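Going in written order, the chains are labelled A, B, C and D, and every chain counts its residues from 1.
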Amino acid sequence: MNDVLTGLLQESVSGIALGCIYALIAFGFTLIYRATEVVNFAQGELMMVGAYVNFFFVTQFSGVLGGVNFWVYLFAFAGSIIFAILFGILLDYIINRPLKDEPVFSVIMATISLAIILRSLTAIIAGPISLVPASPFGDNTFNIGSVVISILDISIIIWTIVLMAIFYFFFNKTRWGIAMKATSTDPEAAQLMGIPIKQVYRFVWIFAALVGVIGGVLLAPRMALLDTNISYLGLKAFPAAILGGFGSIPGAVVGGIILGIIETISMGTLSFHFEWVKEINDIIVWIVLIVVLMIRPNGLFGIAKVKRV
Amino acid sequence: MSNLSIQNLHIHFSGVVALDEVSFDIKEGEIFSLIGPNGSGKSTLFNCINGFCSPQRGSIKYNNVDLLARRPHEIVKHGISRTFQNLQNVPFMTLLDNILLGAHHRLTMRDTFTRWISRKERGREEALALEVMDFLGIANFEKKYLSGQPYGIQKLVEIARALICKPKLILMDEPAAGMNDQETLEIGKIISEIRDILNITVLVVEHDMNLVMNISDRICVLDSGRILAMGEPEEVKNHPKVIKVFLGDEVHA
Amino acid sequence: MKRYVSIIIMAALAWIRCENRVTSPGVTDTEILIGNIQDLSGPIKELGFLIPSGTNMYLDYINAQGGVHGRQIKMLIEDHGYNPQKAVVAAKKLIEKDQVFALYNVIGTSTTEAIRPILEESGVPLVAPATMSGTMSDLSRKAGHLIFHTDAGYDVQSNVLVDYILEQNANAKIGVVYQDDDYGANVLKGIAEAEERHGITIQREAYQRGATDFVGQTGNLMKGGITDVIIGGIVREPVTIMKTSQAMKYSPHFFGHAPTVDARVGLLAGDAGEGFTSCYFAYLPDSDKSGPALYRELCEKNNVPEKMRGIYHYYGFATAHILVEGLRRAEEYPTREGLINGLETLNNWESGTYPPITFNKNDHAGVEKIMLLQIQGGKQVAITGWLE
Amino acid sequence: MKGRYDDENLKWIPVLILAIFLFPFILKGATSSYKYYLYVLNIAGIYMILTIGLDLLSGFTGLMSLGHAAFLAIGAYSSAILVDQVGIPFELSIFISPVIAGLFGLVIGFPALRIEGMYLGLTTMGFGFIVKRLIIALREWTGGSAGMPVSKATIFGFTINNDWDNYFMIYSFVIISVIIARRIVISKLGRAFMAIRDSEQAAQASGINLAKYKMLSFFISGLFAGFAGVLFAHTSHFISTDHFDILLSIYFIVMVLIGGAGSIYGAVLGTLFIVLMENLFIPLFKDGLAKYIHLEAGDFQAFIFGFIMLLFIIFQPLGLYGMWLKIRIYWKLFPFNPRRRST
C-alpha cells in the first residue's frame, strides 16, 4: 500500500511539472482566445522558438563570458524575454493587423500556416540536427521521504506559479489589464469607451509569445534533446485549455495540471496494476476530456455564452 | 373559445424574477399586444411559449395541448410560429431559402428526395414561398442573398418565414423595432391583414404605442414580471398605473 | 570471306547490345540515377539529413574513382515527412518522372510498406531500406523479390538481447520499455518469441512517441523487481530513463536496440549511462576494420563537422557499399534484373562495414547478425563478436 | 418556368465533366510521366469527396471537426476488412463501409448535441486519437500499427489496376458526390443545416429538431468521408495508422477554409489547390531551384507551403471560391467596376 502511495506521489510531482508546461501553453491559447476568439494553433511553435532562441543565447553568452555559469543563464533568459516581446509585436503585425476585419476562421488559418512556417524556418536556421540544451540546475535532485524531486521540475512549477501571479495581478489591478479584460468581454463597447484595442491586441500577442517562450526555456532541458518536434506538445496542451474552459486563466492551470497528472499516473501506477490501461494510455486524456465536456460543455471553469434572441 | 391559455406562469433566473404569476387567455382571431418597459419579461414570456425557457411554475396550454411538455421544435407543429426581436436569419442563403426554412415541417423527407430528381417538384416548393412573398409584397427579391438587404426586407423575411408554416397563432417580437414611421405603418397594416385575411391570431410585443393602440384588440401591460393592466386599448391607455409606469410620476405631480 | 561474315555478325551483335544498353531507365552512358526517400521535414528529419549525407560521401568517393563501370552514381532525395501517403507520391515522382534506376534506403516501416505496390507494379528494386521491421525481407509478400534488406530486424535484436541477458544471469528478471507504435510492435514481436523460447515472462512498459517523462515506467520496473531493462527507444528515452532511475536509486542493467547506438546516449546520460549495452548490425565508425577506417579518412578529407559524424551518418556510408557492390555486379550495361541478380550473387561478402552479407533467391535478409556494444568510460566498446 | 437553381449556368457542367474525363488523354499526350500527375490528382479526388462531406458538416452546419481523418480511416479499414477478410464484393463494400463510418459519425455526433465550437473541434480531435488506438487494438484484423495491404478494387469484373483506371473511377465518384452534395444543400436538409449554423433559435422555431439534424449532419459527413476511405484503401493498396495522422485532419479543415467554407465548389477547389500545391508544385519548384542553390534543409518545401498559405489568407481571406465570385462580378460589371474598399 505504502509502495503504491509513494509511486502515486512520485508520479504526481512529475505530472505537475509536466502539467505546468501544458498550463503555460494552454495559457497562451487562453490569452489570445479571450481577446480575439482566435485559437492560436502556433502556440506550441512559439514554445519551440523560445527553446531554440534560449539555446542560441546560452551558446553565445557562454562564448562571451567564457564557460557556462549562472550569469549566462540569466542573460540568456533576459535575452529570450526581449526576443519574445519583439516577436509578439512582429506576430501582431503579420497575423493580427492584416486580418482584423476578417472572420475568426481566417485568423485561425493564418495561425496554422504560421505554425508550418515557424517549424520549418526554425529547422532551416538551426539545422536538422538535434541540439543538446543545458539546464542551470543540471540533474540535481532532492528527496522528501522516498519521493525524488528534481530541481528542474520544482523550478518549472515555481516559474508557473510566479507567472500566473504576475498575470493575475496584471489583469485585475493594472489599467492595461482591466482594459484587456474589457476588450475581451466586448470589443466594440471597449472601443467606444476609449480603449485603444489595437494596442490591447498587440499586448495579447506579446503575452502569448512571452508565455510560449518561457515555456520553451523551461521545457527544453527536460527533453534531453531539442528538436522541432517539441512543437507538437502544443497539440497536447489543447485538451488542457479545453478542459479548464477556453478563456479562463485558472482553468488553463488546473486543466494543464490535471492532464499532466493523468498522463504520468496512467503510464505508471495504473498500467502496472491494470494491464488494459496500457492499451489506452495515450487516449486516456481525451477520454477524460470528452467525459468532462459531456457533463460541463464549457469546461471546468468556462462560462457559457448567452445569446439574446 | 379560449385559444392560448397561460396560467400562473412564474420564472426566475438566479434570483431575478422575470415573470411572476402571469395569467391570461388569448382568444382565437384577436390581435393581442404585450407592452411594458425593457426587462419586464415580455421576451421571456415568448421564450416560454416557444420552449426556449422552462418556467418553474405555471402552465401554458394551446387548444388544450400542454406546450411546456413540448420541445422547442415541436411547438410549430401545434400551429404556433414566431419572429424574433434580433434578426435570426441565415445571411448567406437566398430570400427564398430563408422563407422556405419556415416550411420545414410541411415538407416531408420523402418529398425532399423526389425534389432532388424532379424539377417540377422543386417548382411546387418554390410556389409555397412565392405565395407568402406576394402577400408581403417582397416578390421578385427571391433570388437575392439576404446578406446586404435592407433591414426592412430582412424583417419581412422573418415574418414570411413565420407565415409559411401556416400557423394559427403567430408570436411577433417587436416587429416594428428599428423602423421609420412609414415602415411602421406598413407593418401595422400587415399585422391587421394577417389576422383579417389569413385568420391568424396574433400575439405581438411592441414598444411603438401608436402601432399598438391602432391594431390591438386587447393589450396586456407587464412591469417587472407582473401584469399591471389588461383590456381594450382605450381602457389600458387611461389606466393610472400604466400612465405612471410609462410616463413617470412627474405627470401626476 | 568467312572472316568478313563473322566480323559483320560480331558487329551486328555488338550493335544489338548497344541498342539494349540505353533501354534501362535511369542509366545513361555516364550516369546512374538512384532515388532515395527520406524524412526531411517530419519527426526524424535529423536522420533524413544525416543518412543521405553519409551515403553521398561514399558515392562521391566512388565517383571520384571513376564510378561504377564508368558511370557516375547520382542520388535524388525526396521528402516524405514520415507520411506513407507522401512516400507514395515521392516514389511515383522518382520512378515516373525522374526515371530512376533503383530506389535505395527509403526510411521508415509504414512508408516502405506503402510503396510496395508501386515497386511491384514498376519492377524497381529497393536496396537497403532503412527500417528494422522483421517482415521487410519476407519474400512471400508483395514485391518481396525486389527488396534487399540489410538491417537486422528489431525482433532479431530483441531475441539476441534476451539470450545474452539470460546467458549472463540465468535468474534475470527482464523488462522492456517500448514505443507504442510500429517500432514497439516489432520489438514486442521479438520479445514474445524470446518469452516462448525461454519460458519466461517479460514485463512490458509502454511510452508514447515524444514522451518526456518516464517516472511512471521506471517506478513500475522498480516495483516489478526488474534486474535487466531493454529500452526500445532512440536517444532521449534511454537517457531519461537511466537518469530517472539513477535519481530513484534503482540500478538495473540497461540494454537498447540499434537506434540507441548513438554516441550522444553516453554523452548525455553521463555516469548514469555507464554500462548501457546496445546492439548494432554493422561495425562501429571507430573500429579498426577497413570500412570504418575509410569512413574516418573521408570524414577528415571532406571536413565533415564533428556533430554530424556518428552512427546515422555512418549508416548511410555503410549501406552505400552494398548498393555500389550491387551495381558493380550488375552487367556492364545494367538493367534492373541485372541489379537484382547481381545482389543475389553476394555470398558471405565482406564490405568492411557490415558483417558478411548473403543474398540469394530464397533469402533477402542480408544481415541477421548483431554485435553488442557497451558504454565504458563514456565510449561505446564492442563486447561481443557477431551474434545470431 | 425557370427554376431558381438554374441560374448557375448549368450548360457549362457537361463541358466541365467532359473536360475532366478528357484530361488524362491530354496529359498522356503531353508527358510520359503522366502517371505521377494522375496519382496526385487521384489523391486530390479522394480528399475532395471527404472535404465535400466536411464542408457539409463544418461549413454548412457550423460543427467544427478536427477528426475527419478518423472517418477516412474507418471507411478504409472497414472496406479492407470486409473485402479481403470477410469476402464481401467491392461493389457491396462501397455501400456498407461508408455506413459504418456514418454510424461512427453518429457516435461523435452525440457529444455535439451539447458541445459547441472549438470545444467540439477538440472533442472530434480526441475521437481521431481514439479511433487510431482502436485500430491498433484490433490488430487481429487490422494488422495493428504495422498496417495492412489491401486488394485492388474490382467493379463488375473489371479490375481497377493502375492510376489511369483509378482516375476515372475516383473522378466519377467525385462528380456524383458533388451532385449529391449540391442536392442536399438546396433542399430542406441544407436549409436546416444552415439555419443551425446561423441561428439555432430560428431553426427550432421553424420546427427543426436540432439533435436530429446535427446527428444527421455528422452521419452524412461520415458517409462521405467513409466513402473516400473506401477509395483510399483500394487505390493505395496499403493502409496504416500513419496515413491517418491528426495533421491530416487539420489539413482537411484548411482545405475547406482555403476553398471557402459553406460552398461545395469551394471545398473542391480548396482541396485541389492544397494537394497540388503540396505534392506537385512545391516539389517541382524545389527541383527547379535546386539547379541554382544548394538546399541543405528539407524543410524548405514546408516553408514555401506555409508561406504561400499565409499570403493567400492575408490577401484572400474569403477563400478561393470567394476569389472566383469576385472575378465573376468584376467581369459582369466590367466597365463600371466598384472601387476597392478602402479601409
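Here is the rule we go by: a residue touches a chain if its C-beta (ideal position, glycine included) is under 8 Å from a C-beta of that chain, and two chains touch if they have at least 3 such contacts.
What you see is a predicted model, and the numbers here were worked out from it, not measured in a lab.
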Please identify which chain has its centre, taken as the mean of its CA atoms, farthest from the centre of chain C.
-> B
Just by CA atoms, which chain is the most central one?
-> D
With chain centres taken as the means of their Cα atoms, state the distance from chain B to chain D in Å.
-> 41
Distance between the centres, which are taken as Cα means, of chain B and chain A, whole angstrom = 49
CA centroid of chain C to CA centroid of chain D, Å = 37
Report the inter-chain centroid distance for chain B and chain C in whole angstrom, where each centroid is the mean of the CA atoms.
-> 75
List, in ascending order, every residue of chain B touching at least 2 other chains.
-> 52, 84, 88
Residue numbers in chain D touching two or more further chains are 199, 201, 296-299, 301-302
Could you check chain A for residues that touch two or more other chains and list them?
-> 120, 123, 127-128, 282, 309
Residue set of chain D touching chain C in the complex reads 33-36, 39-40, 43, 139, 144-147, 149, 162-163, 236-238, 240-243, 245, 279, 283, 296-299, 301-302
Which of the residues in chain A end up touching chain D in this complex?
-> 33, 39, 41, 94, 98-99, 101-103, 105-106, 108-110, 112-117, 119-121, 123-124, 127-128, 235, 238-239, 242, 246, 279-280, 282-283, 286-287, 289-290, 293-294, 297-299, 307, 309
For chain D, which residues are in contact with chain B within the complex?
-> 1, 3-5, 7, 183, 186-189, 191-192, 194-195, 197-199, 201-210, 262
In their shared complex, at which residues does chain C touch chain A?
-> 40-41, 43, 45-46, 48-50, 180, 204-208, 210-213, 215-217, 219-220, 223-224, 235-236, 239-240, 243, 246-249, 264, 267-268, 270, 272, 307-308
Chain C - residues contacting chain D, complex | 38-41, 45, 48-49, 77-79, 81-86, 88-90, 92-93, 95-97, 99, 109-111, 113-114, 116-117, 121, 133, 135, 141-142, 181-182, 184-186
